[in-house]
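Have a look at this one.
Chain naming follows the written order as A, B, C, D, E and F, and within any one chain the residues start at number 1.
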Amino acid sequence: MRVDNRKYDELRPLTITRNFTKYSPGSILIESGNTKVICTASIEESVPPHIKNTGTGWVTAEYSLLPGATPTRTARESSKGKVSGRTHEIQRLIGRSLRAICDLALLKERTIWIDCDVIQADGGTRTAAITGSYVALADSVQWLIDKNVIKENPLLNSVAAVSAGIVNNVALLDLCYAEDATAQVDMNFVMTGNGKYVEIQGTGEEYAFDEEQLAKMLKLANKGICEITEIQKKALET
Amino acid sequence: MRVDNRKYDELRPLTITRNFTKYSPGSILIESGNTKVICTASIEESVPPHIKNTGTGWVTAEYSLLPGATPTRTARESSKGKVSGRTHEIQRLIGRSLRAICDLALLKERTIWIDCDVIQADGGTRTAAITGSYVALADSVQWLIDKNVIKENPLLNSVAAVSAGIVNNVALLDLCYAEDATAQVDMNFVMTGNGKYVEIQGTGEEYAFDEEQLAKMLKLANKGICEITEIQKKALET
Amino acid sequence: MRVDNRKYDELRPLTITRNFTKYSPGSILIESGNTKVICTASIEESVPPHIKNTGTGWVTAEYSLLPGATPTRTARESSKGKVSGRTHEIQRLIGRSLRAICDLALLKERTIWIDCDVIQADGGTRTAAITGSYVALADSVQWLIDKNVIKENPLLNSVAAVSAGIVNNVALLDLCYAEDATAQVDMNFVMTGNGKYVEIQGTGEEYAFDEEQLAKMLKLANKGICEITEIQKKALET
Amino acid sequence: MRVDNRKYDELRPLTITRNFTKYSPGSILIESGNTKVICTASIEESVPPHIKNTGTGWVTAEYSLLPGATPTRTARESSKGKVSGRTHEIQRLIGRSLRAICDLALLKERTIWIDCDVIQADGGTRTAAITGSYVALADSVQWLIDKNVIKENPLLNSVAAVSAGIVNNVALLDLCYAEDATAQVDMNFVMTGNGKYVEIQGTGEEYAFDEEQLAKMLKLANKGICEITEIQKKALET
Amino acid sequence: MRVDNRKYDELRPLTITRNFTKYSPGSILIESGNTKVICTASIEESVPPHIKNTGTGWVTAEYSLLPGATPTRTARESSKGKVSGRTHEIQRLIGRSLRAICDLALLKERTIWIDCDVIQADGGTRTAAITGSYVALADSVQWLIDKNVIKENPLLNSVAAVSAGIVNNVALLDLCYAEDATAQVDMNFVMTGNGKYVEIQGTGEEYAFDEEQLAKMLKLANKGICEITEIQKKALET
Amino acid sequence: MRVDNRKYDELRPLTITRNFTKYSPGSILIESGNTKVICTASIEESVPPHIKNTGTGWVTAEYSLLPGATPTRTARESSKGKVSGRTHEIQRLIGRSLRAICDLALLKERTIWIDCDVIQADGGTRTAAITGSYVALADSVQWLIDKNVIKENPLLNSVAAVSAGIVNNVALLDLCYAEDATAQVDMNFVMTGNGKYVEIQGTGEEYAFDEEQLAKMLKLANKGICEITEIQKKALET
């Protein structure tokens, strides 16, 4: 039995609230158990230097943990004057995941920024951020279409993320913080709505894992992504 | 008539939600019209170098605007690698305001951090942050008392803040963003629950104001603080 | 009796030396008791991005304390790699104060920088900096007129600043460092030559003050600004 | 046929030169085709704060691309004043990979730094860096044993890394830069000498991949790591 | 004839004003023609880490150009967030020059900081800074002796600096800015009061010079240092 | 007898390997005894702002010590977030030395970057870097000529550097680290192939030196540069 009484292949309760704040064309509160992340989209009518004048757009993300999101205060990166390696990794991952399902040419020369701010952290903040970011991105793209700024929807698919891991030699889906802290292996999976892989990141924590364990985690991830994709769909229909 | 149909001396609707997040001993969502700020308290069992070994405690604050809080995205200060002058000014103001009503010796050698993160900004974010921070501070102090960490309550009074200004030559209470952007004078008042001044900051925006206008703004501020103090009290009683 | 034998409503001896250095179109040494500040104007034929192509000019200020200005050496902000919150606050205040009396459109698209470098600090450095900056600004504006760069004088008024405070429950004008260090309230007033307010900043140092104390400080500030304005006028006439 | 005439499952020529520089207890030049990386070990008789006084040691890595390593000069991160997200990701990956095969308690309270400096870059610099770092680590550990600083060898296994990817819908082993630049999927595998996974990182470049493609890449990686492990072994025997 | 009518081997008028500011134990205004530098000494009762607990002291210097010191404003290094290469070079040179004539062991474990702030710049700021710093150092050392903090004078000699250069193929002493800007060779000499070399720095500006030219500049420098040493002596006697 | 058995006027064995790496038009490994530096040239089709649109080119250098180049690890300047004063000094010196022998107008509006990365440090890294940089520059200039990018060779001369010093009152040529660490005087000479001076930098290490000692070091430097120039010539002929 898991610390929060879930089965080995059970997701935490997942809710997605749209229109969470007022001034963004896509603003989501995603809650995965005790992990809560605000994802907001902002549209900027320019693109980064490396694609200027190519006619194509860009989707990028930033991630931050609010200082009070964790039981022990997390020092603010603005005060420390630099973004940590961990934050860099996460925001690059979110950006790549969103671009993987987006035909950037259809977006034209503009950038959609997705900001993921974690207000409560209980493990799985990066996967929740990706899952929520997709919905914020979908809303902001619809806003562009409604305003006749773009004609065609650049989103080719949905995208979602979930973790799986090995804890006490057992494969588990969607680790909470207490599980993550003692996990032997921690893997994050980013997958499209039709079950293909966009990103796989697996790390043995002073541990190495074998083919069979990998296979179990892959299976759990596939199951989890299916369920999350359904929740995204329902959130977007309402 | 004001843009949001308020009378000249009328506050925006003000609500204070306690226990907004789970891992902080004092976590507040304060909503003042469309301005929304999360204020969370964190306790650290050490103090800044300048008061080390004096037996006295410290209360300090940090302030940040989430990128999606404004209609045009606000660049993240962590990405820019430094805290702006405006942020410095605001977080120093919040910290001084809270220390003014706190007997730091009773807190013993520990620091209470108050983090104010604006998730939606429609003017008056610094005054809302102060008003909400007081409630977060009160909750965290009560938590220390409940846990028997400190014996006596170090809070000598309550503290709250409100703005008043001159817009089109008329003195108004509690400016929203549209009013603030065209104001001739913008003043912020920080006052204790018993009507004394802790901070007064008034700025003519390419404009200078006279004694009479100052008197009107002082009167509005006193009225506003009275009402806000009542709302703080009620929030803390429930 | 005050530490330096002044009366409660008496300014420190105030002298303004023009043409203090040779390469600036407005270079002032202002001495207010033992506080000494060099204020120099520099003219740059461009404006900050936010007003580019609007045809209007800009006035801005920077402030710094020389390391040897204080009995204990003040570490250089260039060596620390960042400007402190206090410096940010002060230089923003000086800039706003100068812009308040300046019709920036008449300046055309150019920037006047006022650099305030404190060579000796005995309290009141920011108010001395504002008072001296006005004279440096006036000299640099006259230089532009003499050179036929601009036609009309953009300065609508003079501006000066002074502090007032409550020390041992007594309201005093123009605090020196020893008084400032023990003050219950410290207020800074920036006022125009015709007695209107541009900025009011009052801070209770772990103390809150009432209406009556505020009134006393306002009266002292008005008296002080009158006298300082006269000294500025005389300095500019010679 | 591949750009460099290799078969789909063929590694680039891989050579490992030990004792490449003189002042390090473990200094390696690893050459994988045209990719060349210097890996040097340095020993520091202290540990990072988070494990101080736990009696355990630490292994960490830093990674850098020399400016002239690429056809177009890569700006120096020291001159830019900050380490990029990509560098952060890579050096964290190298560090985790080495710690996964190391019993840090046997190292006692000291840190082994592995510096990976790329002098010529043709794709696969991070995997070459990991493979070479293991040999540098092994040499520095042996140096500690030879000097009687530690008694037992803390290395539990060897570790190596290789990439596999999908290029033009074909699964390939060990991508060079030209292949990497057009790859649909790029995966990096870090594995122990006995064939277990330490890290898996797979990224679809604006592409998503399926189970079958994943299986092919896993198979290639296993083959590649076997061969690399042999080369490491031989290098260490001579 | 030179731009300022000096002979080829003539120094600019040089004056040294002691006790220029009030709060430093050694505060000098040095004026060399139109170049003016404030040199102040500060004493800190600690030493840098690399000599901690060795019983020996330290002398170090920092250098800065006030923004208004030059006809075109020099941007503040604190605002740019980093100290330039030129500033680094100069302050390291000043520090080495002062330490060369100081028996640091006699200073005991304390640091004397010399801050050189250029308020007006017309070439030769670094040499004026060294010449003035010596006097500020001598005054601060005397202050320590007068206060019985140290017993013996750690200064073994005096130190001064001067430039010589080749302009239009002619060797000149003590270049002003207009000469320096067109010089083919610019050399700085730091010498002790008894005519020995502490530092020699010569740079051909897109030019190379021969033995004979070097010999001429050495001769000029020796003459200049003799005269400057006399001025330092007289300043310290009064 | 010297630590490495050299005579007082003997250089360390000096070898220059061209085409050390593959992607740079000028890539040199220079070995001077145990000091080893990689010098690579990169060509950028733009120039720094201060010479934009003047039709002239630029040559600049950057210098870095690899962390493992020294017996005790040297912390990476990218991780510290800033370039040290020592590094600034050295890279400015290398850049000036190369520009002194280059007719920048013939280079047209482009920049040649020379990157000097020290992989093994035993004293004299800056002089080896200059000597090697000249060869890398010569190769990159020839590359430009071969590609018909420029017509005339902008190099007017060769340039090389060597150190001389006073150790135990004896003048020595080309100090290794053990000698440098105990030297009373350390001088660096940068000279052209026809025996003229480009840079002279001499520093007494808490020591002052006289005319006679200076003359001896000048003589040693002239002898050393002659021999080094021959080695550069031969390297470029092969």
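Following the convention adopted for this analysis, a residue touches a chain if its C-beta (ideal position, glycine included) is under 8 Å from a C-beta of that chain, and two chains touch if they have at least 3 such contacts.
All figures in this text were calculated on a predicted structure; none of them were measured in a lab.
Annotation of chain C and chain D: not jointly contacted by any chain, touch as defined at the top. Comparing contact pairs by residue number, the interface of C-E is reproduced by A-B among A-D, A-B or B-C, since over half of the pairs coincide.
Ranked by how far their CA centres sit from the centre of chain A, the chains are topped by E.
The chain with its Cα centroid farthest from the Cα centroid of chain C is D.
Chain centres here are Cα averages; for chain D and chain E they lie 50 Å apart. Between chain D and chain F the centroid-to-centroid distance comes to 33 Å (mean Cα coordinates, whole Å).
Centres computed as Cα averages put chain E at a distance of 28 Å from chain F.
Distance from the chain A centre to the chain E centre is 59 Å, each centre being the mean of its Cα atoms. The set of chain C residues touching two or more other chains comprises 81-83. The touch graph of the protein chains shown is a ring with every node of degree two. Annotation: chains form a contact ring; the order from chain D, going to chain F first, is D, F, E, C, B, A. Of all the residues in chain C, the ones that touch chain B in their complex are 82-86, 88-89, 91-92, 96, 99-101, 104, 157, 187, 191-192, 195-211, 214, 218.
By the touch rule above, chain D contacts chain F in their complex via residues 21-24, 27, 34, 36, 38, 40-42, 44, 62, 64, 66-73, 76-83, 87, 113, 115, 117, 119-121.
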